[in-house]
Amino acid sequence: MVGGGEGAFIGSVHRMAARLDGHWDLVAGAFQSDPAKSVAFGRSLGIEESRAYPDFRTMATREAGRQDRIDAVAIVTPNAAHHPAARVFLDAGIAVICDKPMTISRDEADDLAQAVSRTGLPFILTHNYSGYPMIRQARAMVEAGELGAIRIVQAEYAQDWLATELPGNKQADWRGDPARAGPGGALGDIATHAFQLAEFVTGLKAQSLAADLSSFVAGRKVDDNVNVLLRLGDARGMLWASQVATGSVNGLKLRVFGDKGGIEWAQETPETLLFTPLGGQQRIIRRGGAGVSASATQATRVPGGHPEGYLEGFAQIYSDAAELVRAYQEKRAPQTFAKLAPGVEDGVRGVQFITAAIASSRNNGAWIALD
Amino acid sequence: MVGGGEGAFIGSVHRMAARLDGHWDLVAGAFQSDPAKSVAFGRSLGIEESRAYPDFRTMATREAGRQDRIDAVAIVTPNAAHHPAARVFLDAGIAVICDKPMTISRDEADDLAQAVSRTGLPFILTHNYSGYPMIRQARAMVEAGELGAIRIVQAEYAQDWLATELPGNKQADWRGDPARAGPGGALGDIATHAFQLAEFVTGLKAQSLAADLSSFVAGRKVDDNVNVLLRLGDARGMLWASQVATGSVNGLKLRVFGDKGGIEWAQETPETLLFTPLGGQQRIIRRGGAGVSASATQATRVPGGHPEGYLEGFAQIYSDAAELVRAYQEKRAPQTFAKLAPGVEDGVRGVQFITAAIASSRNNGAWIALD
Amino acid sequence: MVGGGEGAFIGSVHRMAARLDGHWDLVAGAFQSDPAKSVAFGRSLGIEESRAYPDFRTMATREAGRQDRIDAVAIVTPNAAHHPAARVFLDAGIAVICDKPMTISRDEADDLAQAVSRTGLPFILTHNYSGYPMIRQARAMVEAGELGAIRIVQAEYAQDWLATELPGNKQADWRGDPARAGPGGALGDIATHAFQLAEFVTGLKAQSLAADLSSFVAGRKVDDNVNVLLRLGDARGMLWASQVATGSVNGLKLRVFGDKGGIEWAQETPETLLFTPLGGQQRIIRRGGAGVSASATQATRVPGGHPEGYLEGFAQIYSDAAELVRAYQEKRAPQTFAKLAPGVEDGVRGVQFITAAIASSRNNGAWIALD
Amino acid sequence: MVGGGEGAFIGSVHRMAARLDGHWDLVAGAFQSDPAKSVAFGRSLGIEESRAYPDFRTMATREAGRQDRIDAVAIVTPNAAHHPAARVFLDAGIAVICDKPMTISRDEADDLAQAVSRTGLPFILTHNYSGYPMIRQARAMVEAGELGAIRIVQAEYAQDWLATELPGNKQADWRGDPARAGPGGALGDIATHAFQLAEFVTGLKAQSLAADLSSFVAGRKVDDNVNVLLRLGDARGMLWASQVATGSVNGLKLRVFGDKGGIEWAQETPETLLFTPLGGQQRIIRRGGAGVSASATQATRVPGGHPEGYLEGFAQIYSDAAELVRAYQEKRAPQTFAKLAPGVEDGVRGVQFITAAIASSRNNGAWIALD
């Protein structure tokens, strides 16, 4: 693991998610930018001394040289360090599991895409919400034509934890600093999740967008509210992301309407998917319940009614990653389910989305192509 | 009553709403464009023969000449007839209760505004959703500063009854015919409700909008899906209206977020309002329950937990109208509650909204001012 | 109308409900026990002087003698007056619409049943919740065998308005006084509703019950919490009613499970019925939506998504009553829908239920037959 | 681990739950009654050969003799084996984590209680639902007096997976066999959870109960529907458990009402707790949100809005257990939070509950004391 030291939120999430399904052990890491703290933190996690590294370059070099080298590295640093770290490990021949947004610029994104293509190494981007069984169910239903031709996509991701200044909050600090987070605020942190989910479920690609970005809290250097119109082929969409929507906690929500049916899913109640066939009764499709797709069943641990949640969805990405890495090592095709894991192309799309939204907002909401 | 004959939906709604609180009796009407049918329908409602009129002009003339003339006329025709009918009754000195959208052009809207101003007569526009107690509660809370400065407004109104062509459906027919409905489809029929509600609750006025209108069903002459970005002073908003969102029934929903709190209300569960003060616990404010404003209490008929719904909200507008008309007749100021009834200015705003949205959509989503 | 004067809750509900569908006009009444107040209150409602009566006996006698006599009387007094008033009007040949519980003793209940049988007059008991469309849908589904053989019935009715003493509250006063309310508190006021609904929907009759009644508020003379076990043929049931369940407003809820399916309905969200066929997906059946029974459609006023509520359900009983009275007057069989109106047998069942529950509770929860 | 071999449900749950928080490694086990299969299964889990035991007695003896012996054993067999296995490990001086119901007879329960008392060893009973943060929040609120004196307890646990016979289903087989499951069906499997939760949250002890047990599916040897009335000091309660309630998945629900407030919690939406203070607005208390108790915060892994669920609640019991065992080993008092873990007394209570319910049902619902 690179990043995820003292006080980090997402590092411990990655560690629990990796552990849950029993596919991964944490054996090496460079956890903080301060070399001494990095080593100390690694040892506090029970990592053996020689593999608690002072920095990620040392880690990549040394691990690459070991017989029992790591199967993959998880990069969970602030965004600006994603590219350099990922590049170093890919170049060292090590598979990468990287947090999102993938990079802070389009050039970096393209560079990683080329490195992945060149090396053939597994690269997994932790758009963790696509690991939820009912999201995979939704995707399977769209694929099977149960919604017909998609007309409307409504995506939103509303939080409120940045509704005021949070001086001294480590999470808020780096996310509000363009040097570490990149040019997007809510845009990179959460809108990319909603965007990825919309494309993942519908199988559509947005061609262009029009955006109106705001920064409501005084002194904030990045956006904290994101209003976007989308055009996805013949379909039309809206995407709203906010970190100042008081009363919203982690309100990621997706609604998709086609000419044969519509679906609705909300991350805070992830176990069910609402489905209405045209002219029919609304149905509550439940994880582990009747009529559930193979892909959703595969992503399931415990019976329906025993709620799975955020960590289980996140763990699914780690299970997908385990299979992708194992297949790579065994020089075979991975099992179908693992191909659902988000990869470097999702990373490029996310950066295209961020870039286009900023360009549109600076041009008073002009439609900008994503390419 | 003008309009609301055989097969009309909204005519019978107006009649039930008018009856519920006991303030109105239906004593005269011109219900259909066919004079003979109009008279016959009036008599089927139990209206006395001499007041079941063949057309609205005859009705206005004759009623104006009666000692026991009607206190007000309710105009519930397709949109194109709103202006001519309303104008005739205003000119005859009779108060008007008019369905929305008020008119099918900006000129007509201005003309009615001038006629109302000139005559001083009560003019009530049945944006019925603003009659819901919890909407009045929301408005009172914004006014009292409980939300602080408004930052974000999210309004939506999703239906699905027009997801396919409905040949021979009387309601769908006129709504899809620009000559009778005006230039907007979902825009005039439902987006105006969402827009009025957003301005009613927040007290803000939208200065400009950017719109992307679609018509998904083949052969449809008006829009059936409406994506709009809004700027309301320092606040930002999104408004989505659709009549092809399969699985949505009558999904009018409003969310407002300020720097001190946020609220959420949905028309299909109108009895409660969710409120979250910044940093506090979310609260379910309930009609008839603790901490409810005077305006919401006034709009209440039965104790909380005994659900009031659409007809009760609609009836509230009729009760407001009764007080406005009575006050006019008694040459006194109306009671406070009745001033909440939507009027001719709401009608002008609605037409401005429709006009701007169509202009923006034709200009590839350019920001257009509402004025 | 008899009862429903100054400060009464249910009187104004009956008046709105009677008015809503346009079948009834209020033309006569004896509203309060004080003769002068009764007359004054009647006139304040716009009733003509000669028909604002000082007491119900005078009203029965005089109305019986009029050419244009009332079609029916609505009895909305405290419970103890139901029997004498109903008896007087039945004897005068006037149809009766009576509030529940029907009487305060088993003898009175039997006496009314005999009077109804003897006179052949329509007698409607306002178990208003059986007027809800989705309750009629539930009954139709059970009848059609969609739930299979019924195994389990879970009924509850939880309120909290009596969680403390309410000195000076007119509604609380008479309900807490056995002389006016009868021997049951929550038992008569609300548990009878839950019991009637359970039998109405399932078509089953409870043979016996075991009860544990409590009175939690100091000084209260009647029960305020009711725990009951039921045996209904092979089915088993539980019924809970409380007026001290803090946080519950008007929580009437019914769940029925058979060997082929289960349903769930809650009065505070009356527009939908949850249905799960054995082994299938859960479905949200919606008033006005797909797959709804003829009986539910008949009980509907406005399209789905435009919430109907308490007053509409109550109005349905008045519409049923109108048809029953009209059919009686026209000496023809009533239309099918009207036969769903609760009648004198429901009244007898309710009193049997109250009587048995009190007997069981006094016998430390022994099983007592309802007969 | 003892039990939890091929095809077991709860074994893999225990393993994931133990792993999640990183306190436990699975290093030894006797997983199935067939010695060869037991060893093979252990090795398939990656357990070293010498510690994949053929049976639990061998395991207890050998582990007790090792320097690096296990810190605790998890017993996850069918109920009938709980007592012999637990007794053997306690006698060997090894701490026990045991599934519920603790034993299949009162004598066995008392025997284990004595063994625990005699040895002083940690004994944790996996009533996993008491590990949910919002359940600990509820308990803290009752303890702090926020509900006042408790009046009413409504507990239920409804499932439907046994609504029909399931020939060949391993889970259904042993649960329906009194020799392996003990005398209770739904009673032991799920009603005990609801009962434990009710006592855990309220701090009350039920003195007596009256029960009506049913077995709806033909040929079933144990109950599948449980209706119980409870007396808990001055409070009154109802408990319903069913495994044939079609449409119910894992519907464990608890409602508690006191003279100052009421709460409501449902296992399928475990992240929120509804709280209504007397006369106040209803509040949604959210894991990780405002006003949450120290005990609930301690039981939390990720921020609110990132759903935790069944495995996290279960993991909490394993984290509690880790602290109890560590404290025992270090001869110190455990931290406060760990004392919330259910123990041998909960096990005795559960068996008392089962025993009394069966006795009451056989005596036509007579009130039976729990002692």
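Order of writing sets the chain letters: A, B, C and D. Residues in each chain are counted from 1.
Here is the rule we go by: a residue touches a chain if its C-beta (ideal position, glycine included) is under 8 Å from a C-beta of that chain, and two chains touch if they have at least 3 such contacts.
It should be emphasised that the depicted structure is a prediction, and the values quoted were computed from it without experimental measurement.
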Selected from B-D, C-D or A-B, interface repeating A-C by over half of its contact pairs:
B-D
Larger contact count among B-D and A-D belongs to A-D
Hey, how far is the Cα centre of chain C from the one of chain D, in Å?
42
How many angstrom between the C-alpha centroids of chain D and chain A?
35
Which integer distance in Å separates the CA centroid of chain B from that of chain D?
55
What are the residues of chain B that contact at least two other chains?
282, 286, 289
What does chain D use to touch chain C in their complex?
147, 151-152, 154, 160, 163-164, 210, 212, 214, 216, 225, 227, 229, 231, 236-238, 240, 242, 244-248, 255, 257-264, 274-278, 282, 364-367
Sites on chain B touched by chain C in the complex
9, 12-13, 15-16, 19-22, 159, 249-251, 267-271, 286, 288-289, 301-312
Sort out for me which residues of chain D touch chain B in the complex.
279-286, 289-291
